[in-house]
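Each chain carries a letter (A, B, C, D, E and F) given by its place in the written order, and its residues are counted from 1.
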């Protein structure tokens, strides 16, 4: 599937940690660790585990801009 | 200010394009272009322009995971 | 690409309306019109136009629940 | 209350599953299962349970568009 | 309608500014100006204008926490 | 850090409740309790606890408008 989300950052999953309903998946994107919070069901459906190539996907309207002072 | 958002990707602004109310700011993060949609007012308040160092900031719950097949 | 977003509602695009930076795309999903606000760039990249089959995609954490009284 | 959110999909709750802080509520909308992640407190305040008529509510800026290929 | 969103801040609309597709509505909540970005269609459907009592509504998962240093 | 998010509501943390992965932090803003859902990691990194001054931060595109009938 092709999606409209502007940001698709390719990397490698380094950690999958499930809670009771929400899981945290961490993806190493060029040395930057991107943290994602998704459902346990998504983790199971996609079979996510450390070592896999994956994308961190973010809609442009969900990105803010910050400046150091 | 320190914020709870898990993802703060440091880069350089490469484009600021204002619409009537919504602006698109593009940030080069290690060669990856991250697109953000923010208000024109935020662009003005922060004085955003190409060439500045800036962060693309994303809350973990706004990040999805994708796999190539 | 396979994505973690839990909600992928299949339908047909019935309207694409571009603003200066933000576009509204309406998708008919089993007779329900779903409105999406995405970037003009996404519309252009995907070549979205009325009549196409498309999915309205929503992360579970972006869905609220409402009750009639 | 009337709200600005463009998408209010009417259906029937088919499952309510609480975690420690986050609950997953599934709503059948014309045969499509919509998954929502909301707080346990919201589930309690609204008294959500399977069998109830309910709406899945989504702001237009939280909907993406996907295409098969 | 009753909704699951945890945050419903009551105030008075002080400004409605439409762009081509996206409008900015500002609500004074106890002296704090809350800025919202919604569709022009929502502004028209609800008939929003300055002087009206209104709520700024936010899902808990869309709120971050910040600290001064 | 200065951020583009339009809404930064100053208040006092009144409760921090951790789940397995997701925490709920409540902030009293001029007598209004604002509920936020953030990661446990953010709570730990910022050292959040009741009694602290803190900001509830929300991007304008994540705020909806509601009316009483």
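The definition used in the following text is that a residue touches a chain if its C-beta (ideal position, glycine included) is under 8 Å from a C-beta of that chain, and two chains touch if they have at least 3 such contacts.
Predicted model, so just to flag it, every value in this text is computed and none were measured.
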item	value
Intersection of the contact lists for chain A and chain F	B, D
Touching both chain B and chain F (chains)	A, E
Centroid comparison with chain B (C-alpha atoms), farthest chain	D
Chain located farthest away, centre of chain E as origin (C-alpha)	A
Separation of mean Cα positions, chain D and chain B [Å, integer]	29
Geometric centre distance via CA averages, chain E-chain D, whole Å	21
Chain centre separation in whole Å, for chain E relative to chain C (CA means)	22
Numbers and ranges of chain C residues touching at least 2 other chains	1-6, 8, 19-20, 22, 24, 35-39, 41-42, 46, 48, 55, 57, 59-62, 64-68
Category of the chain touch graph - line, ring, star, complete, other	other
Those chain pairs that satisfy the touch definition	A-B, A-C, A-D, A-F, B-C, B-E, B-F, C-D, C-E, D-E, D-F, E-F
Chain D-facing residues of chain F, complex	17-20, 22-24, 35, 37, 61-62, 64-69
In the complex with chain D, residue positions of chain C that touch it	3, 5-9, 13, 24-25, 27, 29-32, 34-38, 42, 46, 48, 52-68
Chain C residues within the chain B interface of the complex	1-5, 19-22, 39, 41, 59, 61
Complex contact set, residues of chain E against chain D	1-6, 8, 36-39, 41-43, 45-46, 48, 55, 57, 59-61
